[in-house]
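Naming follows writing order (A, B, C and D), and every chain is counted from residue 1.
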């Protein structure tokens, strides 16, 4: 590892900011990274906030001036973990300064903003990443490899769901997640279901959406109620370029569900079942098993399923949510070193945003739309 | 039990004929039926077939002339378990003779036939039953009662699936199930998913369908291939009169699935999960449980859940598929005795058939249709 | 089927009497039995009780004199479903009259009584059956066949449990099940765990018991308390003739458990997991699966697993507890016709009783005992 | 956080050495630790090995002289992650130098060594920790709190298992784990089952062991076979001071099991089920639930269950195995700061070792032994 260290500038210090800092630290411990990582500067709203967060998260410097930071020659990569309405301006500034950019999902409130960001990055030749960390799960990689390798035969059907209950309480207040510019259940978590579907089966070509607002207004924080114009839940029929049909569902009012990121894949020779509720497992059916001995097989994550073995040398020990972030970081660093493709770059983040918008547009038009 | 015995005439002696005969016998053993049941006459295609089946299934008489049987004054109720293209003619003849009719599902290949049968039965004042036996499960009754009793709050979302893999093999031959007149996955088993949805949540008012043919042709039995025009799988978005939205899915090419008759119900105070794969269980989440102690609760079928206790005096012993049929029979006999409503009469069978046709029509038109 | 019908005399009309009557009826419907079955006479404590039960359960005649019935030349087989303290006298009388005997479990309160019954039956040349119906499960037959066929390699370890909670309530009254002559958790349900263990792996040769009384006294029905001298739960280490070691556990105070009849079998090439809570499934691990694809496979009961197909023509439909009884009946009738061995005769019932007594004796002596 | 940083010296750089280094890093990220942690010096067998490991794991200095390191005034706490035969000498040297000691499990090959280490540490007034990290799981803390708080009533029965299959292959070579001085399945992983049992229910007072060698010899690495004298699996009956009885089982030849660290706890008002295979869940039964609504409830780890919320701000995201190590580290640092008791000190490590030896002694003597 003779290269210079990679100098990281982080904007934001909330939950995802912490997750990024943690991810860099964890990735360095478990992977043979192509770079040493230097947590160089943390930018936040005020000097005090920034200084405190820098101390807690292990950054050497702090600033309240994110513009100065992204422009500084001492920074190689900019991590953006602020609310998504701010992503575009920051990312464009970083790109203009020639920095690589690692941005939390969703990339931008609207697909056309994401497009602008993508085209700017590609024109500038910088590398990018959007944080779709469920895709970093070794069991998802296994699922994708089994599909691609033909172990299930030809894929004919798909069912994908992402459902939680964090907005099920009608007394929870109106927030930026309810903003018609980019908010709603499908944008917030349906995006995960869409990303997983394309990760596994390849491009969706057409879809038909159906989105619903369940709780029509929420407390506005000043004693009144503010109307909710975004979807609380939604569904879409989809067609994949590979020929399969499927459905995608999203809900943030699914009482009792904390992390129902599920999928079922049916092929002509086998099937896969997965739930994020038990994300160290993949259930596989093979029609090639002997008669009378067929059944869904519960495969537990093991060193056979890279990069699980980086975290635990023995099977069955299990990785956690934060480990998914470390895998995400490591994949980006490999891409920066030219050792692999960008795992999930701006172009893919833009793609997901386009699909979300297509679901909404289709739902409004009550008609199929092309998304090829 | 001072009434005369109920004299049963059965047309057909295949799997479902056997199930009916078995159901009468089992119902008599486990329930206090309002009638003694006399398995009077079995009608089949030839005298020999009928005689042999009568002997095996315990009928006193046999005949190759179903018309004579349904007209006979010695018969009180006619059971029809032949292929569904024949249901209408037989049922109308039985109704014309003033007999009660108990017909296997689907009631008829087309909704307008089912309508004609329904209206004839209602005009004649005879009682009717269609064999939707999954609905007879004590755990489904529990689910419906919990929903109706408000234990889950207001219902906001529903997901229903019926998926199996008995048509997943592309080399299995073209059969009557592939006939565009009433065949296909949605008619064959999607009908169960639709029936369960309305059983639990009440009427569907609108739907949007999406059906797909996966295997375009099948062996025709003479060395050639015959095109398949029906759906191998399909999906529908639905709206319920009670305000909830949902989805219904059917597939007979879901490799590995043997009996995925599943539903998920989400309300403002709780949720239910069910799978027919483990149909002696219902999983219930209640937001009223204490913080830190909430979770989906696996309720096992027990004497608390009628009529389970008729079969097993202790919890956890489990009923089987054939027991569902016995419950179905007992419910019909109660209705005949005026001790309860018809559990699932021709009108409801017609309703399901209408919904199936609406799914297909909607899919073809690529538009929502009213089904209120 | 040219033989004369088999004429059944039943003593007792409680839960198990009903189950026997039901079992004969169901067996006749689903199996090609070697005999027609005639439910000839039901004997109960008084003429009225017997007459009513005979009517309900479909017996042609009734009597309050069981001695006359077992001696009658019109009876071929005697079914005994009364409390177990009465089994011996009735069985010996039936055997003396040359009748086949089908007795509920446990065969007798003490092993030496069971031995006397066994030897009498064998001397008389009559056939016998004891009702260990969990063993009739197609999935248990599959498990046994897989073990015997070497699919798991050499068996090294076994864990068997039968736990329920029907005595967990300390306010439930003292009953015959608490009688030191043959009562207690290990006799009542541990016997099932022992029978299953030997059914799967063959003879136990040595064991070491540990039994415990949790609730020291119970209401005596007259306002006082009566001491409980039997075990509420117990455990045993075991050795099998085949070389494996294992453990057996029984409890009737396992709060929340309704039917935990579980086993785990570990061999050098694979493993099996089973729970009666989901008794239409068997979970199988094979070390011969490909690396990275290994896992416990959930096999669902199907026509591949005889005699499941007698009940349901398609996989996944599931059999219930009462169907196990029908299988038990059919096996006995085959044995009576000389078409197979007695599935679980008096000798095996005696064996189980001996093992239960060995557990208690070993627990008292705090020492291993031979049971070869 | 005004204190000086805690200066850590680590001996060993294998899997557990890495886990310790990782644990310090992760703990600092997710907890408000009472100290800053300085990874000061890493000691390994040669200067080269030590230097390379120090660089990889983030230690500032390295040495091949662990004695010098533990004696250095620049070290506050010594972490020992070498094979357990070396623990005693190193720990005693560190204690003699007044250092706190954090030692991997098992504390020492024999209980009397563990005792000597414990007494030395207590005499010196230094603080100690042994790495029983399964106990750090928030769901185990929840289980313990529910038991201690009386939510399950009085505990009557316990079943604990730790089974894996890493020694199931008879061709895997003889290793230090097979050394009769401290090796074997019960010492290696049965120790976890014993630790969990006492963590949840309090002290075991008596036990009766039964241990078995399944594979009598293993390749010795030179073409021959070396006899195995330790247990491949074992079981123990136990009694707890609180009155409950139970069993503990250990196996490293349980084919198919990767992490079966399970327990079942039965009380007079409820029950708990847990498996490390899904260690972000706890299943709870309460007899206080309404009739007809009772069942085992699947509680998912959430911020309600400290310290889960340190890792994930939302429920259902899940922690992984390495996060358990971070919790372990944080608990020790709190103890060093006087902010809490030692979570699992040398005295407890000695206790577990004593229990393991008692299992073996009892098995050999075929008699109960007191372990109060």
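Following the convention adopted for this analysis, a residue touches a chain if its C-beta (ideal position, glycine included) is under 8 Å from a C-beta of that chain, and two chains touch if they have at least 3 such contacts.
If you want to know which protein each chain is, UniProt gives these names: A, B, C, D = Gfo/Idh/MocA family protein.
The structure presented is a predicted model; accordingly, all values stated were derived computationally and were not measured.
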{"item": "Contact-graph distance - origin chain A, target chain C", "value": "1"}
{"item": "Size of the rotation, in steps of 5 degrees, that lays the CA trace of chain A over chain D", "value": "180"}
{"item": "Which of B-D and B-C has more C-beta contact pairs", "value": "B-C"}
{"item": "Averaged-CA centre spacing for the pair chain C and chain B, given as whole angstrom", "value": "35"}
{"item": "Chain centre separation in whole Å, for chain D relative to chain C (CA means)", "value": "42"}
{"item": "Geometric centre distance via CA averages, chain D-chain B, whole Å", "value": "54"}
{"item": "Of all residues in chain B, the ones touching two or more other chains", "value": "257, 294-296, 300, 302"}
{"item": "Parts of chain D lying in touch with chain C, wherever the complex brings them together", "value": "152-153, 156-157, 159, 161, 168, 170, 208, 210, 212, 214, 232-233, 235, 237, 245, 247, 249, 251, 253-257, 264, 266-271, 285, 287, 294-296, 366-368"}
{"item": "Complex interface listing, chain A residues touching chain D", "value": "15, 18, 21-22, 25-26, 28-30, 57-58, 164, 166, 257-259, 276-279, 300, 302, 311-323"}
{"item": "Chain D-facing residues of chain B, complex", "value": "142, 283-284, 289, 291-300, 302, 304-305"}
